[in-house]
Amino acid sequence: MSVEELVRFDGEALGHARHTVLADLTLELRAGERVALLGPSGVGKSTLLAALRRRLGQRAAWCPQEHGLVPPLSVYHNIYMGRLERHSALANLVNLLRPRRDAWRDIQALCRELGLEGLLKRPVAQLSGGQRQRVAIARTLYQAREVFLGDEPVASIDPHQARRLLNMIQRQHATCVIALHQRELALTHFDRVWGLRDGQLILDAPARELTLEDLDTLYPDAHSPDASPEPA
Amino acid sequence: MSAERAPGLLAGDSLNLRLARRSLGLIALCLVLLPFADLAITTHDPWAELGRMISGLLRPDILATQSLPHAIALTIGFALWGTLLGVVLGFPLALLFPRSRLLRGSCAFVRAIHELFWALLLLQVFGLSAVTAIAALTIPYAGIFAKVYAEILELTPRAPVDALPEGVGRFSRFVYAELPMVWARLSSYTRYRFECAMRSSVLLGFVGLPTLGFHLESAFREGRYAEAGALLWVFYLMIASLHLWGHRRLLPWVALGSLFLLGPWPDIDGALLWRFMSVDLWPKPLLDGDLAGLWQWFGEIPDLLPAIGNTLLLGLMGTAGSLVVALLLWPLACRHFGNRPTRMAGKGVLILMRSTPELMLAFIFLLMLGPSMLPAWLALSLHNGALIAFLVARHADAIVPGSHALPASARYTYELLPRLYGGLLALLFYRAETIIRETALLGMLGIATLGFHIDSSFAYLMFDQAFFLLLVTAGLNIAVDALARRYRPREIADTIGEHDRSTGEATC
Amino acid sequence: MRWLVACLLILVSTAATAETFRFTAIPDEDQSRLEERFDKVANYLEDQLGVAVEYVPVKSYSAAVSAFRNGQVQLAWFGGLTGVQARRLVPNSRALAQGQEDAEFRTYFIANHDSDVDTQGDDLPKNVQGKSFTFGAKTSTSGRLMPEYFIREQFGAPPKSLFSRVGFSGDHSRTIALVESGAYDLGAVNFKVWDAAVADGRVDTDKVDVIWKTPTYPDYQWTIRGDVDDRYGDGFTGKVRKALLDMHDPELLESFPRQGFIPADNDDYQPIEDVGEKLGLLR
């Protein structure tokens, strides 16, 4: 059985207008693969995710690092934004004033699963950091796309919760690429690990072949025994 | 090791030193030009009249004014509808603002003409009606809203837009991911504009529209000070209690209710409007294509250059004066100085000074000091200085003081002023445009600025001349604004995002 | 767009008061409780004319002229100069009546006592030169036009070169206040305003007093638009004139304030028109 190849980079350089962040990048993303993206902050994880997002277009659901939520709007409306492009401008406008029945029902169910029940009407500005992160995830899930792209979507969430959320994400999305800093989760919840360091992809291997020590090599200060790999 | 030499007076490259040099430059320029200004004090005995004024203010006669509630309702109605329609027009314009140079130019033009002059123009067509009053506020406000809204929208955070799925339409993107992000700032600015509109609405009474200002000006002009005092107190009270009755939920009802009081609406006569716009406003020789006649027409305009000179000089003096007044007065209303009663008193004084129409301040000084530029200068400096001081004090209140207790003078010079000075200067430079606009207004007191001649032209029913002078005034305002923008220290311009609320306020 | 909104508002509101006869008046003295006082005049005219009559309060001279020109009022109590302005702008409009005092109106020149100007004489004292001087409103006949005319006639020079400062107080009462306080050395006021202020004890004549009374000239008058006969019926102009001349109730006359009204016509104001043209206030 051949596996569909979703994206392929072949010795490409990624970066901004004048500044190359990732040089000579070669990798491929196949359908059905759950990929953890690791590396110290500033190494280019976001750049890589943005490039994947561009390539995948309508097939990817995107959960950005800073959430990109609209604090004055309610939880419901923030999550609804995941499907903004599927309704007409007028329908969207009316929905601002009076929520759509069907959307409300779906989002309510989604929120129940994410532990956000009873908060639908509350402005995001009034939520805690962890709650906001879950709203951002909910919005991405609500997009219901083929591939989940997440930039640290479980960064400020306790390990137990993080596991639960990753399970939820992966239940809905056979394919995902998620930037993480919790190395343990990379090994337990993913099929494959991409490791970035010094502007290079230095690790691209199945998760089951890797140990925590292998992952430590990605972080410059990992030689000190009790170094935390990266601040949250 | 060579010791670092202590810098000389005002030498150095820090931002505040540069700001200080620039402000001293402004004051120095003002002092150099001062000999050209007529500042003689000629009064002998103002005390009888001043005494009558003070006793009127202390013993106001609230019942003297006929139909006072009606005047109050109209004042509010004009302000509300003027602001509302200004928003309705200004908001769409704000969306096009960054894209069209023509639009930016037209907005600058309508802004540059004072509400009172708009009223005088519109009066010729719509008479003393609500249409005149509301349009006189709406037209310049649309220009102001277009500019300020555009500035606010420009600062919309990008993150929510970037997070949207692909393929979201422009409109949906705007109402979901952009507008809500700046809604609070837009509405707080609109609210502030409404306060300005209240003041302007009162001022419209000075040209005869039936607001509070109509009765206030008549009473004051004719020396019925008990009545004038009562009206002034009513006005202060209205401004001070705005937060009570100006509630978001209440305003739509006030707006609807006031509609019933605004009539009777004038019959708009198309021919009249057309005659005014196509004939009255333009020099006759121009319409006849008579170039030699146009030259002669131009020659009949009285003292154009001295008027421009007077306007600019008074504007400069007013700006420098406002700077000094603001520096002296802001601690009055600031929580870092004095105690509760002194602060309350200080705030009260600042609100009184900034709310009292400049024309009245100027008249009081005219009585005390005699006719010259001095009363106008004092009135402009006090009014605008108090306004800036009030805003600076509010900025200062947000600063958390250091842990060690400093004496008040050190707190002022070391702890607070260095952090506030940039903002203060930004406010002042923004205000410069408004000060120029107001000098035109004080021309009505007989100081021969452009405004004096505009007022005369309207009185002599020479609308072509009035219109020409209005164009000159508008051009002058736009030039001064551009100049102030250029000389506003760049660092302040860059951080204007933090100040935008109060800089917007400074343009009131 | 604005006009569209305005038009919509007009449609919404009713107030299509078609054939109400409207008038306005410029009282030069006391503007307090204007509406109350002039509503009585309106009632009187309503009884006499048999149409609805409304008083439109107007503050400035120029606003009154504009209202008259635009047909927002059909009848107006104008000053000498404003009446001429209005009649030049509205063809066929005519002066109907003037106050008994208006045929022989005067301006008083007043001076602050400390300014050391000799009092009284047949002419304006010579030593007013170099003093500061204030007119009233810019288009007031008694506060601006005629005093400027007499100054020019006597000294052969415009006020600006004669006095150290020339101001426009905007109002007769204010002229008195400014001269009394010494803000200006001299001023020109409507004689009726001065007399009333002295009678009420509102001026301290130890501080300010009259130094010269001008010769007489015609001033205030009622002016009516030429189109009223078409709108309100033939002979309407005559009816209005009769109603004005028949106004004898002191309570009504007090508003103007005049003893009574006498007939007047456009030609009575030719001297005012000549002076206005000469001074460049009319063109």
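Letters A, B and C mark the chains in the order given here, with residues in each chain numbered from 1 onward.
Operating definition for what follows: a residue touches a chain if its C-beta (ideal position, glycine included) is under 8 Å from a C-beta of that chain, and two chains touch if they have at least 3 such contacts.
Just so you know, these numbers come straight off a predicted model, no measurement behind them.
Q: Give me the set of chains touching subunit B intersected with the set touching subunit C.
A: Touches both subunit B and subunit C: nothing.
Q: Which chain has its Cα centroid closest to the overall Cα centroid?
A: Centre-most chain by C-alpha means: B.
Q: Compared with subunit A, which chain's mean CA position is the farthest off?
A: C
Q: Could you grab the centroid distance between subunit B and subunit C? Build each centroid from C-alpha atoms only and quote it in angstrom.
A: Here the centre of subunit C sits 33 Å away from the centre of subunit B.
Q: With chain centres taken as the means of their Cα atoms, state the distance from subunit A to subunit B in Å.
A: One centre to the other, that is 50 Å.
Q: How many Å are there between the centre of subunit A and the centre of subunit C, using C-alpha atoms for each centre?
A: It comes to 81 Å between the two C-alpha centres.
Q: Which of the residues in subunit C end up touching subunit B in this complex?
A: Listed in rising order, the residues are 1-3, 5-7, 9-10, 12-15, 17, 29-36, 56-63, 65-67, 70-72, 85, 89, 112, 114, 132, 134, 137-139, 165-171, 173-174, 177-178, 180-184, 202, 204, 207, 280-283.
Q: Under the stated contact criterion, what part of subunit A meets subunit B in this complex?
A: 57-58, 61-62, 64, 66-73, 77, 81-85, 87, 89, 92-93, 96, 136, 139, 143, 145
Q: Where on subunit B does subunit A make contact in their complex?
A: 159-169, 171-173, 175-177, 180-181, 183-184
Q: If we count contacts the way the header does, which residues on subunit B are in touch with subunit C in the complex?
A: Residues in contact with subunit C: 42-46, 48-49, 64, 66-67, 85, 88-89, 123-125, 127-128, 131, 134-135, 138-139, 207-208, 210, 214, 217-219, 221-224, 227, 259-260, 262-266, 268-269, 272, 300, 366-367, 369-372, 444-446, 455-456, 458-462.
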